[in-house]
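Shown below is the structure under consideration.
Chain nomenclature is as follows: A, B, C, D, E and F, assigned in order of appearance, with residue numbering initiated at 1 for each chain independently.
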Amino acid sequence: MPYVNIKITREGATPEQKAELVKGVTDLLMNVLDKDPATTFVVIEEVALEDWGVGGLPVAEYRKTLAATPGPRPR
Amino acid sequence: MPYVNIKITREGATPEQKAELVKGVTDLLMNVLDKDPATTFVVIEEVALEDWGVGGLPVAEYRKTLAATPGPRPR
Amino acid sequence: MPYVNIKITREGATPEQKAELVKGVTDLLMNVLDKDPATTFVVIEEVALEDWGVGGLPVAEYRKTLAATPGPRPR
Amino acid sequence: MPYVNIKITREGATPEQKAELVKGVTDLLMNVLDKDPATTFVVIEEVALEDWGVGGLPVAEYRKTLAATPGPRPR
Amino acid sequence: MPYVNIKITREGATPEQKAELVKGVTDLLMNVLDKDPATTFVVIEEVALEDWGVGGLPVAEYRKTLAATPGPRPR
Amino acid sequence: MPYVNIKITREGATPEQKAELVKGVTDLLMNVLDKDPATTFVVIEEVALEDWGVGGLPVAEYRKTLAATPGPRPR
């Protein structure tokens, strides 16, 4: 009876995408650990950009500093 | 000094009901483990239906599949 | 389908006491919000004293500072 | 930069199975939401059976009550 | 690669104050444990007063009971 | 009355270092948001390397892949 909590930045995930996450995680736990989907909970939490920090900065600021350097930006 | 986190689907719990949860959990921890209410925190989080999955589906979809079968529906 | 997480300091809670917590919280959610026990999860986590801080100190140190003053000590 | 927390009962998941969960969840977030694996954290927590309750009972007790009735047992 | 979750009551913390928390926690983990800021996540969650309980009461009620007694009120 | 949860990989943090984290986070919340230390909880959780994933791999594996490339390794 797994409980999975997914925290992502709030940037427009649609209900359809959330449903894909729910299905994907539930299938994964069934396939890898034989967990029963009926008792697998998946809770998605979207966090405002100002409430998520990385590199010592709020995400939006952090991305600006990365934008000045080569390589992919974290999402 | 317990910390209790209660996650429920957002379906209209009133401030009075939340106060009952806070009091009930705090009393329980005092009665069972002799915990001091003054240092018992209870945090309630309501989660939108589209953000809670069970059975590999968002809650609202899951309930529809159950509605076609006998037995109680999960709340 | 609530999910409840209870964090307490590790100080000898017995399996029987944990079972009381599970039953008490589940009954509370059924009585207050009509939640189905079959889809109510309760997860208890015991935290070592050195890993829990309050008042800017690890719990054991904090209690010593309180022991020198009147009033109940937090548990 | 997602953060995913997976809580399961402690029943012998191997390091290989955990690695499958990490890879599966990370791939899912990349495929569905275009999230960067390098900033996707997955934390797995195994919970002792006596610390997980469902149906108002510790898991082990709950399974015994289900074992006397037809249908699959929750894992 | 630490993950830090800060839960506070929702009482008007500004984006600037949140940025201070992010920077402060990230610096702390770098200074104490040599953690890399680039892989240190800080997630702040603000909780409505009606959803936070202490002393067996929602915070707002609890503060009223303390207001009638001497000493500092919890924030 | 903040609640702070710090998750780090289990790699030998000492009780003294944990006490520094507790004090540092508590001071930060007092200085930035005027929070009362007496009702500030800090809970530290150490996670085994096999239970923490990043980049789609358990941490230990992830570090090996980074070791073959220039730049700092995440801690």
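Operating definition for what follows: a residue touches a chain if its C-beta (ideal position, glycine included) is under 8 Å from a C-beta of that chain, and two chains touch if they have at least 3 such contacts.
Worth saying up front: this structure is predicted, and the values here are computed from it rather than measured.
Asker: Write the angle of the rotation needed to overlay subunit B on subunit C, where the fit uses Cα atoms and the result is rounded to the nearest 5°.
Answerer: About 180 degrees, rounded to the nearest 5.
Asker: With respect to inter-chain C-beta contacts, which pair, E-F or B-F, contains the greater number?
Answerer: Of E-F and B-F, more C-beta pairs in contact link E-F.
Asker: Could you work out how far the Cα centre of subunit A sits from that of subunit D, in whole Å?
Answerer: One centre to the other, that is 16 Å.
Asker: Rounded to the nearest whole Å, what is the centre-to-centre distance of subunit C and subunit E, using the mean of the C-alpha atoms as each centre?
Answerer: Chain centres of subunit C and subunit E, defined by C-alpha means, are spaced 19 Å apart.
Asker: State, to the nearest whole Å, the distance from the C-alpha centre of subunit B to the C-alpha centre of subunit E.
Answerer: That pair's centroid distance is 22 Å.
Asker: Where in subunit D do residues touch two or more other chains at once?
Answerer: 1, 3, 7, 21, 25, 38-39, 41, 43, 52, 54
Asker: Which word fits how the chains touch one another: line, ring, star, complete or other?
Answerer: other
Asker: Let me make sure I understand the interfaces: which chain pairs count as touching?
Answerer: A-B, A-C, A-D, A-E, B-C, B-E, B-F, C-D, C-F, D-E, D-F, E-F
Asker: Please name which positions on subunit B make contact with subunit F in the complex.
Answerer: Residue list for subunit B touching subunit F: 1, 3, 39, 41, 43.
Asker: Tell me, which parts of subunit C touch subunit F in their complex?
Answerer: Checking each residue of subunit C against subunit F gives 7, 47, 50-58, 61.
Asker: Considering the complex alone, what residue numbers of subunit B touch subunit E?
Answerer: 15, 18-19, 21-23, 25-27, 37-46
Asker: Can you list the residues on subunit A that touch subunit D in the complex?
Answerer: It is residues 1-9, 13, 17, 20-21, 24-25, 28-29, 32-36, 38-39, 52, 54, 59, 72-75 of subunit A that touch subunit D.
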